[in-house]
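Dropping the structures in below, format is C-alpha cells.
What follows is chain A paired twice: with chain B in the first complex and chain C in the second.
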Partner chain A sequence: MARHHHAPAVTRRAQTRLGLLLALPALIMTVVFFLFPMGSALYFSVVDFDGIDPTPEFVGFANYTEMFTDPEVWHALSNNVIWIVIGTAAPMVIGLLIAVLIWSVQRGSVIYRLAFFLPFILPGVVIGIVWTWIYDPANGWLNRALGAIGLESLQRGWLGDPSLALYAVLATAIWAYSAFVIVIFLSALRNVDIELVDASRIDGANAGNRLIHIILPQIMPVFLMVLTLTLVGGFSVFDIVFIMTGGGPADASNVLGTYSYTQAFQLSRIGYGTTLALLITVLSVPFAVALNRLQRRMALQETGV
Partner chain B sequence: MLFVTAAALALSACTGGAPSGEAENVPQETAAQQEIRYMIGQPEDPADLKLIKEDIKKFESENTGITVKLDVVPSENVRTVLQTQLRSGEGPDVFGYDTGPGFAGALARAGLVYDLTKAYSDNNWPIYDFAKERVTFDGKIVGVPNQIEEVGIFYNKDIFTKLGLAQPQNLGDLKAAAQKIKDSGVTPMVVSDKDGWQGGHLLSIVLSSDVGSDGMDALLNGEKSWDSPEVVSSLAVWQDFQKSGLLNPSPTAVTYDSGNAMFYSGKAAMNPTGSWLALDVERNAKFEVGFIPFPAPDGPGIFSGGLGSGIFISATTKKADAAIKFIGYGLTEEHGRWAVENLQDIPAYPVNTDGIEATPLFKQILDDSAKIAEGTGDFGYNIDVLTTDAFNNTMWKGVQAVLTEQKTPEKVAKELQTAYEKSKK
Partner chain C sequence: MLDQPTIPRAQTATEDDRSAVTHRRPSPRKRAGLAVRHVILVVLALLTLFPVVLIISTVFKTPADIRTDPFGLFTSFSMENLVSAWTVGRFSDYLLNSILLSVPSTLAVVAISTMAGYAFARLPFPGRTVIFYTVLLGLLVPFFTYMIPLYFQLRSMGLLDTLVGANLVLTLTGIAFGTFFMRAFFSELPEELEQAARVDGCSELQIFVRVMMPLTSSGMGALAVFTFLSNWNNFLVPLLYLPSGDYRPLTTGLYMFTGGRSLDIGPLAAGTLITILPVIVLFLLLQRQVTQGFISGAVKG
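What follows is the complex of A and B.
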C-alpha cells in the first residue's frame, strides 16, 4: 500500500485506467445482461403496457396490488410448489441411483450412458411434443399400452384431465431432468475415492450405507449444484408446461411461467405479465443464494481451508 | 455514468420506439425493382401453401418489378411475431391477420396499419359493405377481409344412412341420433378442445341457434346479459353431451388435428367446426359428408357466420404502391374464382360461381355464404372474432371448465358477463 502513495501521479492514473479497462468487460456484461433487463422489467411493472401503445399509462403499484389479490396467482404458485417438491426430489433420487448403478457396471456402460444421456440432449420443445403424442387419449402409446395389458380402466385423457394434467407433465419433466442429473453425477463420481468405498465394504457397510456415508459426501458440492438448478428451475418452469397443456385445461396446470406468458402475450397485458415474472425472480433468488453459499462452504471444508 | 446511461436506455427502449404511424410520412422507395415481404400464418394443409406460392409466382410474372418474399409463421405465433416486428418498425409490408377488434382493431388504434381508404376508392375494390365495416376503425378502412366462414356440424352421411337417421331437425333429434350412434359403437360427436379456442365455436353454434341473430346482436351490444338463461343452457348442452357419453372421452385432451382425424377415419360421426375445414374434409374423408347448423331446442337452428382473416399493410412500409398492387391482384373476379375452386376460400366480394366445379358440400357452403353477404337468411355469429382478447380467454377457459366439470355453466356464464363488462371499460 505504502508504495502506491509514493508512485508518480502519471503511473497512478495509468493504473486506474488499466483497472477500469480490466473491469470493463465484467461491467458491460452486468449492465447488458442484468441491470438493463432488470431496469426494463421494473419499468414495465409500473405501467399498463398493451404491447402496442408507445406511451403506456403509469399505474404505480396497481400491478403489484392485483398480483397479491389475484386468486390465479396463488393457484399457479401452488402448482409451482408441487413442481418444485416432486420435480426436485424425484430426479435427484432417480438420477443418483441410476448414476451409481452405471458407475458400478463395468461391461456395456457406454451403452447405458448413451441411453440415459439421450433425453438430456433433446430440446425441451421436442420432448413436450413427443410426450403429448404419447399421452394422446385416442392414439397415444400410453393408453394403447394400458389397453394391451388389460388395464383399460386406467386409460385417461392425461393432459385434458384437470386433476392429472400437471402430474402428467411433471412425469415427463422428471424423465427428461433425470437424464441431466445422471450425466452430471456420473462425471462427479469419477472423483470418488474407490479405496474408501472398498475399505467401507471390507468394514461391512452395505450398499445403502456406502452410498449415503461414503459416496454422497464426496460428491456433495455437485449434488448441491444440481439441487440448486432443479429448485430454481421449478420456479421458472415454462416451456414443457406451455407446450403440453398451455396451462390448461381451464388453468388446471397453470404455473407462474405460463400464467405470466398468458397475461403478457395472449391478453396483451405486458405490465402485469412482467410483474408476475418479477415475482418468479424474487422467489427463486433466495434459494439460489442460500444453496450457493452452502455449496461454497462445503467446497471449502473439502479442501481443508 | 454508465449506469445512468443504461437506465436511460432501458427506459427509452422499453416500448420499442413504436413508429409514429401514418404512412404518408414514410419516404417511399422508388427503385424499379422492389421486394415486398408477405407474412402469413401456416395454413392447416401443406397443399394450400403450395397453391399460395404458385399464386405469388403468377402475380410476379404479371407484375415485373415486384417480387414477393413469403414469410410463413406458425399460426399460434403470428400475433407475437407481428406485434414485435410492427412496433420496431420492421414489420412485413403485407400480412394476413384476424379482423376482429382484439386483433386488427388493436393494431389500427396504435397506428400500426396502413390506411387503405384511398386505395379502396382509387381501385374500386368490390368488398361487401358488411365486411368493410369490420375492418373500419375510427373511420379508416385498414384491411381487406379475404374470407367468409360459417360454423356448424360436419356429419358422416354414410353412418347416418346406415343407422336410418335423418338430418336432425331440433336438439332432441340430435341427441336421439347421437344416442343411436353411440349404441352402434361409434363416437357420436368429436369435440377437440385441448387448444382452447375451439370453445368459442362450441358456444357460438349452440347459442346462435338458441337466441337467433337478434339475440346474438343483443348479447354482443350489451343489451342482453351474458349470464342470461340462454347462455347458461347453451353451455349446459355441452356438459350434458359430455356427461351422457355422446362426445369422445376427454375432449380437453384432444387437439384440433386429432379430433379431425377421428372424423376422417369414421371413428366419430359428427365434427362441430367451421367451413374452412371443408377442403380438408373432402381431401381426407372417404364417405359422403353433410354440413348442418347446430340444431336449436325447437328447430333446425342457424349457422354462425362471419369473416375470417384479412390482409393488411404495415403503416411503415416503404413500398406502399407495390403492396397495394399485390392486394389488388387478389381482388379480381378471376382471382376470386381461382380461390373458390382451388382453396375453397369464399371471398368477401361477389364472385360469379356459375360453372365452378364444386362438390355438393362446398356448393352448399357457397350458397349459404352468398346469403350472409346479401344479408338474406338468418345467421348467428362466431363470437370470438367480435369480442376482445380478455373476453375470448374467459370464454375459451370457461368451455374447457364446463367440459371437465371444473365449473358449472352458471358460474362460467357469470364470468363471461364480468369479462364483458370489463372489456367495455
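What follows is the complex of A and C.
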C-alpha cells in the first residue's frame, strides 16, 4: 500500500471534526488559565493595584522605572545569577561524574540508582525542612561534623549568616538537582556504545579523555536538555529559598522569585510584584529557546537526518 | 566537541554483549579500581541518603529526647510523634487533601494530554500548528509570569480557595508537557495500523480509542506517575490558591508547621514522613517507566 495515500473526503471531514474535538479541552484550559492571566499580567504591570480596588490607577511605566532603579532588584538578580552559575555547573559536573561511575561499575547499579534518585522525588518543602535541621546552629549535623574533625572555627549559624545564607540554600539545591541530573544521565548512558569506549581504552585514552571525547558527545542532546532545565529553572527558583530563609536574613538571600512574591502577596503591591515576575520571564525565555534550538539541531545530527 | 565524527548507530552493543564484556575475568589492577569505585559510590550514597535517615530517626524519638538532643540518630524509640502529627497536627486532613488535589488533576492531565497529543500527531485539522504551539507555550513560560493575575482571576471566578480551582491550575501546569509527551508517542505509531482499522470499518473515534490509545499505554502510565509526583509535591499552587487552609495539603501543611517552636520537631518529622512515604513507594515500584518515559519524551521533541 502506498505510504502517502490520500484519504477520501469523508474520512478527512471525520478527522477534522475529531481533531478539533480532541484538541478543544487543552485549548480551553490554555486560553482560560494561561493566556488570559498572561494578558492580565501585562495590564497589572501598568497599574497600581492593591488587590482590592476594582479600578486601579493607571501608572504607565512607573512600575518598570521603579524596577530598574530599585537596588533590591539588582541584588536579587545578582543572587539569581550566582544561583544559575553555581546551581547549574555543580549539579552538571557532580551528576555526570556519579552517573558515569554508576554506569561503569554495573554490578549493584540498581541499588545505587535508587539511592541517588531519592532526592529527585522529594518535595521541596521536605528538603528545606530537613536541611534546616542539618544547618541548625546548636544541634545540626554540619556543625557537629565540623566539631568532630576539629574545625570548630568553621561552625556557624549557616542560614542566619547574611553572607552565607544564599550559599547554604544553594548547597541544598545542588544536592537535590544532582539527583535529577544523575537520573537523566544514567538513562542516556544506556544508549552509549560501550564498544567505542572499550576501543578508546585500548588506544590508550585515559578516563578523562574517554569521558569528554567518547561518552559526552554521545549524550550531548540529553546534556543540553538538562542544561536548559537547570538554567531556566534558576531564574524562577522559589520554593526552596522561600522555605529555608524566606529571602532573609534581611533580604540577603532574596531572589527575584521571593522578592516578587513578597511585593505582591505580603505588601499587596500587585502591580509591582507582577512587573518583577515579567522580568523573570523576559530573562528566562530567550535562554530556553536558544538552548532548545541547539538541542534539536544536535539530536538531528546524531540520528543522521 | 562538535566536530567529532558522528558515531555509527548500527552496531550498538546489546545487553548481552555488555554482560559478556564484564564477565571476562578482570585483572587484579582492574578489580582494585572497581573496588575503589564501589567505596566512593557507597560513601556518596550514604551522604545522599543521610537527610532521609535523619527524618526517620527524628520521627521515632521520644519527645523528651527531642528536647535534649533533637537530631541524635536513633537514640530512643516511640510512636508518639506519629500519633500527635496524625491527630493534633491535622496531618490526616492534609493527607486527604493531598489526595484530593493530586488524583483528579493527574487524571485530567492524562486524559486531556492524550486526546490533544493524538489530535496533534495524527489528525489534520485547520489551525493545528497554531493551537499546538499555543498549548506548548506553557512549557516555555514560567509559572511566575501568570501566577499573580491568576490569583485574582480565580477570585473573581469564585474558584479561589476551592479544590476545583486548585485542581484546574494543577491540570493547566501539566498539560503543556503532557501534550508534548503524548504527541511523541502517537507520532511513532505506523500509518498502516490506522489504515487497516479504517478498512475494517472503524470510525475515527474507534481508531483513536480502540486501536491507537492502547498502544501508548506505557506513555500514559509514565505521564500519570510523573504528573502525580509533581502535583503531590507542588507547593506554590496550594500556597497561593488555597489561602484559608481549609483544603491545605501536606506540602503547605508542613510549611505552616515550621513556624512553630522547636518542640514541634517530632510531629514535623512525622509529617514529612507521611508526605514522602507514598512518593517513595510509588517511585520504587515504577521508577524504570518514569525515567524511561521522561527521557524519551523530552529528547524526541
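Definition applied: the second predicted complex is superposed on the first by the 272 of 305 C-alpha atoms of A that agree within 3 Å, B and C clash if a C-alpha of one lies under 4 Å from a C-alpha of the other, contacts with A are read in each partner's own complex, and residues count from 1 in each chain.
One rule holds in what follows: a contact is a pair of C-beta atoms (placed from the backbone, for glycine too) under 8 Å apart; a residue touches a chain by one contact, two chains touch by 3 or more.
This is a predicted model, so every value here is computed, not measured.
> Scan A:50 for contacts with chain B and chain C and give back first, second, both or neither.
A:50 contacts chain B only, not chain C.
> Output check: A:265 vs chain B and chain C. Expected answer is one of first, second, both, neither. What do you get?
Once the two structures are laid over each other on A, A:265 reaches both partners.
> Does the superposition put A:250 against chain B (first), chain C (second), both, or neither?
So A:250 only meets chain B here.
> What is the contact status of A:290 with respect to chain B (first) and chain C (second): first, second, both, or neither?
Once the two structures are laid over each other on A, A:290 reaches no partner at all.
> Touch check for A:158: first (chain B), second (chain C), both, or neither?
In the superposition, A:158 contacts chain B only.
> Name the contact category of A:199: first (chain B only), second (chain C only), both, or neither.
In the superposition, A:199 contacts neither chain B nor chain C.
> Residues of chain A touched by chain B versus by chain C: which partner has the larger set?
C
> Tell me which partner A:218 touches in the superposition: chain B (first), chain C (second), both or neither.
In the superposed model, A:218 contacts chain C only, not chain B.
> Touch test for A:145: chain B only (first), chain C only (second), both, or neither?
In the superposed model, A:145 contacts neither chain B nor chain C.
> Touching A:81 in the superposition: chain B (first), chain C (second), both, neither?
In the superposed model, A:81 contacts neither chain B nor chain C.
> Could you pull out which residues of chain A sit against chain B in one structure and against chain C in the other?
27, 31, 35-36, 40, 43-44, 51, 132, 136, 139, 265.
> Could you pull out which chain B residues touch chain A in their complex?
Of all residues in chain B, those touching chain A are 2-3, 6-7, 9-11, 13-18, 79-80, 83, 86-87, 106-107, 109-110, 112, 193-196, 248-255, 258, 261-262, 267, 389-390, 393, 397-398, 400-401, 403-404, 406-407.
> Which part of chain A faces chain B closely enough to touch in the complex?
Where chain A meets chain B, its residues are 27, 31, 35-36, 39-40, 43-44, 49-56, 132, 135-139, 155-162, 246, 248-252, 262, 265-268.
> Residue numbers of chain A touching chain C in their complex, please.
1, 3, 5, 11-12, 14-23, 25-27, 29-31, 33-38, 40-41, 43-44, 51, 98, 101-102, 104-108, 111-119, 121-127, 129-134, 136, 139-141, 144, 175, 179, 183-184, 186-188, 191, 193-196, 198, 212-213, 216-218, 220-222, 225, 232, 235-236, 238-239, 243, 257, 260, 264-265, 270, 273-274, 277-278, 280-281, 284-285, 288-289, 292, 295-296, 299, 301-304
> Which residues, counting only chain C, touch chain A once they are in their complex?
Touching chain A from chain C are residues 1, 4, 6-7, 9, 11-13, 17-18, 21-22, 34, 37-38, 40-41, 44-45, 48-52, 54-55, 58, 69-71, 111-113, 115-116, 118-120, 123-126, 128, 131, 134-135, 137-138, 140-150, 152-153, 168-169, 171-172, 175-176, 179, 191-192, 195, 198, 203-205, 208, 229, 232-236, 240, 250-252, 254-255, 258, 265, 268, 272, 275-276, 279-280, 283-284, 287, 291-292, 294-295, 298-301.
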